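What follows is a pair of complexes built around subunit A, which joins subunit B in one and subunit C in the other.
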Partner chain A sequence: MGCRRLRALAPLLILIALLVALPHAGGLFHAWFPELSHPLYWRTSFVELTLAHAALVGIATLIAVIVGLALGILATREAGRSLLPTVRAVAVIGQTFPPVAVLAIAVPLLGFGAAPTLLALSLYGVLPVLGQTVAGLDQVPASALHAADGMGYGRWRRLWEVELPLAAGPIMAGVRLSAIVSVGTATIGSAVGAATLGAPIVEGLVGNNTAYVVQGALLVGALALSVDGLLGLAEKRIRRHPL
Partner chain B sequence: MGDASRENGTGPVAPRERRRAQSALLQQRLPVVVLCVIGLVAGLALPFLNIAPNRLLSGHASGGQQGVFALLWLVAAAAGGWRGGAVAAVLLALVLPLIAAVDATLLLHHKPPTTRIQLGAGFWVMWLAAALLLLDRLRHVRAGWRAVAWAVVVVSLVVGGWQGVFDDLALVREWQAQRGAFTDALASHVTLSLITLGVALTIGAPLGYLAWRARRAGGTLLSVLAFLQTIPSLALFALLIGPFAWLAREWPALAALGFGGTGAAPAVFALVLYALLPVVRYTVTGLDAVPADTREAARGLGMTRGQLLLRVQLPLGWPVLLAGLRIVAVQTIGLAAVAALIGAGGLGRFVFLGIGQGATDMVLLGTLAIIGLALAADLLFQAMMAATGRRA
Partner chain C sequence: MIEFDHVRKAFGDHVVIEDLSLRVEDGEFFVLVGPSGSGKSTLLRTVNRLVPIDGGRVLVDGQDVATQPIEALRRGIGYAIQSVGLFPHRTVAENIAVVPRLLGWPEAEIDARVAELIALLKLDEPGIAGRYPDTLSGGQAQRVGVARALAARPKIVLMDEPFGALDPLTRESLQASVKQIQRETGTTMLFVTHDMDEAFRLGDRVALMLDGRLAQVGTPLALIRSPADERVNEFVGGTRAYLRELAVRRVRDSMRRDEAAEGDAVSPDATLQDALGVMLAERRERLPVQGGGAILLSDIVVRPR
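And now, the complex of A and B:
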C-alpha cells in the first residue's frame, strides 16, 4: 500500500527535483552539447512554464468535468433519455477527431495564444468525461435504484447519494484520461503560441537546439506522469471507498 | 386492453394516458428540437461566410441570410417529427454547402482575384447539427437505408466538387493551388500510418501471446507500455531525435537508407511505441475470450499448440483484435500529424505550416483531411468487424 502510493508519487518528486536542478545544470548541458552557445533554455523560467502548463490543464479539465458531468447526467435522466444515442454518438465520433485537429480548428476562431489551446483542451476533454459518466451511470444496478425509490428518495437525492457515488470510479477514470490527453495537447499548444512546456521543445526543434528539446521533454514527461500518478491514486481511492 | 379502457373509462384514465402518449412523443422529438435550436442559434449569431482580402489575412463576416437559415431550421424541426425527418436532414446537409457556394460566387463579383470566401463558424456548426440530425433520424431505419442516406450526402458533395460547384470557396481554391503537395502529404500520412500498423501488429501480437502465456511478465509489460502511452507525443518524438542522430552517425549504412535524427524513422518508432499498448492489450483480451473448455477440447483432439493458436484461438479472438486495431488506426492517424514537427511529413505539415503562415485554409485543408482519414479508418474497421461477426 505504502509502496504503491510512493510509486504513484515518484514522478511528482522527480518533477520537483528537475525544476530545482535544471536551472543549475548549465555546465552539464554545455559539456553534453559543446557546440551550442546557449545550452540552457532562458526565455522563461521552467517553474513559470510548468505552472502555466498545469494551470491550462487544470482549468480545461475543470470545464470538461462540469460540462461532461452535466451532459452525462442529463442524457441518463428520464426526460433526456432520447438524447442518449446522440450524446453517445458525439462522444464516440468526437474521439476519432485527433487532438491536433481540434487545436488547429480553434486557432482561426480565437487567434494565437493560450485561448485557442484552452478551448481545444476543454472541448476535447469533455468527451472522455462524458463517455465515462454515461457508462458509469448506466451500469448502476437497477436494484440500487429501486431500493432508493423504496426508501422514498427524491430524484435529486437518489442521483446525489446513490447513482453518482456508485458511478464515481468510471467517472474518475474519464477525468484522468481527459487530464492526460490535455497535458499532451497543451504541449503542442506551444506551436500556436501558448506558453507551456512545449515552448522549449518547439523552439529547440526550429532552432536546432537539442538541449532545449531535452529539457522541455524531460519536464513535460515528468509532469504527465505526475498527473497520471495523482489522479490514479484518487481513482483507486474512490473505487475503494465510494464517497 | 386499450378498447376496454376506452369503453368503460370515461373518467380520469383517458386524459392521463393521452398525456403520457403526448410526453412520449415530445421525448422522441427532443433530439430534433435540441439540434434545430443549436442550428438556429448558429445561423443567427455566428458568421456563415468570411470575406478575406487574400489567403493570409483574416476576413470579416458577411451576413444577410439569417432569414433563410431561420426558415430552414424551422422546416427541419417541423419535418423532423414525422417520417420525412431523415430526408429533411439529408437535404439540409446538401443545401447548406450549396448556399455557401452560391453566396461565394455572388460575393466574388467585382472583387479582386485574390479575395477569398472562407466558410465561417456558422456554416460548420450548422452542418454538424445537420449531420447529427441525420444520425438521429436514421437510428430506427434499416442499416441498408442508413448507408444509402450517407452515400447520397457524400457522393453528391464529391460530384458537386468535381463539377466545380464549390470552386469559389477558399477551401477548394487552396486545394487547387496545392494539389500536388496535398496529394503527397496525404500519401505520406497514409504510408506512415500503414507501416506503423504493420510493424505494431507484427511485434505486438506475438508479445501479446507471450504476455497471455506468462501472466506476471505480461502485467509488467503492459504497465511499461501504459507508462509510455502517458508521455506526451511531442516529448517522445523530440527525445528520439538524439538517439536516432547518434545511430545514423555511428552506422553510415543506416543513414544511407534515410535513417536520421529527424524524418520518418524516429516518427514510425514512436508511433509503434504508442500503438503497442492497444495491440498487446487486445491480443490478451482476445485470447481470454476463448473459453478454457474450447481450448481443452481442442487439445483433447490432439491439436498441437500451434494448431490450437491458428485454428481455434485466432479465429475466435480475431474480432477482439480487430477492435484493438481500430483504436490503433485512429490513434496513429492523429499522432502522425504531430510527427510533422520532427520532419516526418504527412498532413501535419499542412497544419503546422499553415499555422506558421497564418493561412487558415491551409490549416483547415490539412485538418479536414486528417479527420476524414480517421473517420474512414474507423468505418473500415467497423465494417470488417461486422463482416467477421456475421460469419462467426
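And now, the complex of A and C:
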C-alpha cells in the first residue's frame, strides 16, 4: 500500500525536482547542444508555465466533468434513454475533430489566448467522462435498483445514494483519462497565445531549438504522469470505499 | 389489510391479471402460488405500485394506493425479492437501516433496531454488521434482505419468491424464521412462490393463481382435500397432495391423549410428516408424544374429526 502510493506520487516528486533543477541546468544544456546560443528557455519561468498549464487543464476537466456527468445521467434516465445514441454520436464526432481544427474555429470567435484553448480542451474532455458515466451507471446491479424503488427511494435520492456511488469507480477512470488527454492537448494552446508548457516546445520547433523542445516535453510528461498518479490514487480509493 | 378490487393489468395485448378480486386479512400469512407467468409477482407489485394497474383498485387498510404519495406508500410496506438486491456499497447494518433512515428515525433507535433484527434473523456471526454484502453467503444475504424488509416494523410485508435461489436446508431455516416472526409480530404477509410445499408450509391461506386468475383460494387443507377443478388438482399434486397434507397437519391435532407408547417422544408441534418419518426410521407403528399421549400410524392415515 505504502509502496503503491509512493509509486503514484513519484512523478509529482520528479516534476518538482525538474522545476527546481531546470533553471540551473544551463550548463548541462549548453554542453548537450553546443551549437545553440540560448540553450535554456527564458521567456517565462517554468513554474509559471506549469501552474498556468495545470490551471487550464483543471478548469477544462472540471467543465468536462460537469457536462459529461450531466449528459451521462440524462441519457441513462428513463425519459432520456432515447437520447443515448445521439449523445454518444455527437461526443464521438466531437472527438474526431483534431484539436487544431477546434482552435482554428474558436480563435475568430473567442480571440487569442486561453479561451479558445479552454473550449477545445473542454470539448475533448467530455467524451471519456460521458462514456464512463454511462458505462458506470449501466453496470449498477438491476436488483439493487429494484430494491431501492421498492423501499421508497425517490428518483434523485436513488441516483445520489445508490447509482452514483456504485458508478463512482468507472466515472473516476473517465475523469482521469480526460485530465491526462488534456495535459497533452493543452500544449498546442500556446500556438494561439495561451500560456502553457507548449510555449517552449512551439518556440523550439519554430526556432530550431531542440533544447527548448526537450525542456517543455520533460515538464509536460512529468505533469501528465503526476496527474495520472494522483487521480489514480483517488480512483482506487473510491472503488474500494464508494460513499 | 390488502384488498384487490376488480384489478386488471395488461402488458400490451397480453392480459396478465384479469378482473381479480381478493382480500388479505390483517395478520394473515397469505401465499400466492402458481407457475411462472401466472401473474402472481405482477399482482404482488401492484400493492407497492411497482406495477401500475389498468383497471380496478388496490386498497391498503381501506385506502386506495393510487391516491397515496408513492414514496411514503413504499416506505410503509416491507419488500423482499428473490435477487435480494442488497446495496453492495453499504454494510450489513447500513443495508438493514435503509428504510428507517429514509423515514428519518433517530440514530440511536436505528442502531437498536438493527441489533434486534440481527439477533432475530440469526445473523449473529461476530462482526457481521460491519461486513459488505459480497462477503455473505446466499442464505446470509437473504436473511439481511428479510431483515431490511422488516426494519421499519411495517404492518404489511411483500415477499417475492425470497427463498427461490437458496439450498433446501437454508430455505427451510429461513421459512421457519419468517413464519415465526410473522406470527409473533402479527404482520400481514403477502408471499409469492411457485413452490407448492413452501406455500402449504407457510400460508394461513393460499391462492393458486393460473393465467392471471385465482383458480382457488383457501386454507392449505381445503386446497388439498377439495380442489375446485381438475387443474387445481393437478397443481396441488393429485393423490400425492395427501403427502403434502402430512406436512400441514400437526401431531397435537391427531394424537391420543390417553395412550402411551415406547421409544423417542415426538413434539406435539411436529408435523405428521415428521412423525411418520420417525415411525419409518424406528419401524414402529406408535410413538410417544412429549408431555404425554401417543400418536398411531392409523391416526396419520385417518382424517381428523
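The definition used in the following text is that the second predicted complex is superposed on the first by the 242 of 243 C-alpha atoms of A that agree within 3 Å, B and C clash if a C-alpha of one lies under 4 Å from a C-alpha of the other, contacts with A are read in each partner's own complex, and residues count from 1 in each chain.
The working rule: contacts are C-beta pairs under 8 Å (C-beta built on N, C-alpha and C of every residue); 3 or more make two chains touch, one makes a residue touch a chain.
It should be emphasised that the depicted structure is a prediction, and the values quoted were computed from it without experimental measurement.
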| item | value |
| --- | --- |
| Partners on subunit A (subunit B, subunit C) - clash or fit | fit |
| Partner chain in contact with A:Gly198 - subunit B first, subunit C second, else both or neither | first |
| Which of subunit B and subunit C A:Val162 touches, first, second, both or neither | second |
| Touched partner set for A:Ile188, first subunit B, second subunit C, both or neither | first |
| Between subunit B and subunit C, more extensive residue contact with subunit A | B |
| Touching partner for A:Gly152 - first (subunit B), second (subunit C), both, neither | second |
| Which superposed partner A:Leu118 touches (first subunit B, second subunit C, both, neither) | neither |
| Apex subunit A: angle to the C-alpha centres of subunit B and subunit C, given in degrees as a multiple of 10 | 90 |
| Partner chain(s) touched by A:Ala79 [first = subunit B, second = subunit C, both, neither] | first |
| Contacts of A:Ala104 with subunit B and subunit C, given as first, second, both or neither | first |
| Nearest Cα pair across subunit B and subunit C, whole Å | 5 |
| Subunit B and subunit C footprints on subunit A, overlapping residues | none |
| Complex interface listing, subunit A residues touching subunit C | 141-154, 157, 162, 165-166, 242-243 |
| Sites on subunit B touched by subunit A in the complex | 27-31, 34-35, 58, 121, 132, 135-136, 139, 227, 230-236, 238-239, 241-242, 330, 333-335, 337-338, 341-342, 348, 351-352, 354-355, 360, 363-364, 366-367, 370-371, 374-375, 378 |
| Residue numbers on subunit C that touch subunit A, as the complex places them | 48, 50, 70-76, 79, 81, 83-89, 98-99, 102, 145, 148, 158 |
| In the complex, subunit A residues that touch subunit B | 79-83, 85-86, 89-90, 93, 95-101, 104-105, 107-109, 180, 183-184, 187-188, 191-192, 198, 201-202, 204-205, 210, 213-214, 216-217, 220-221, 224-225, 228 |
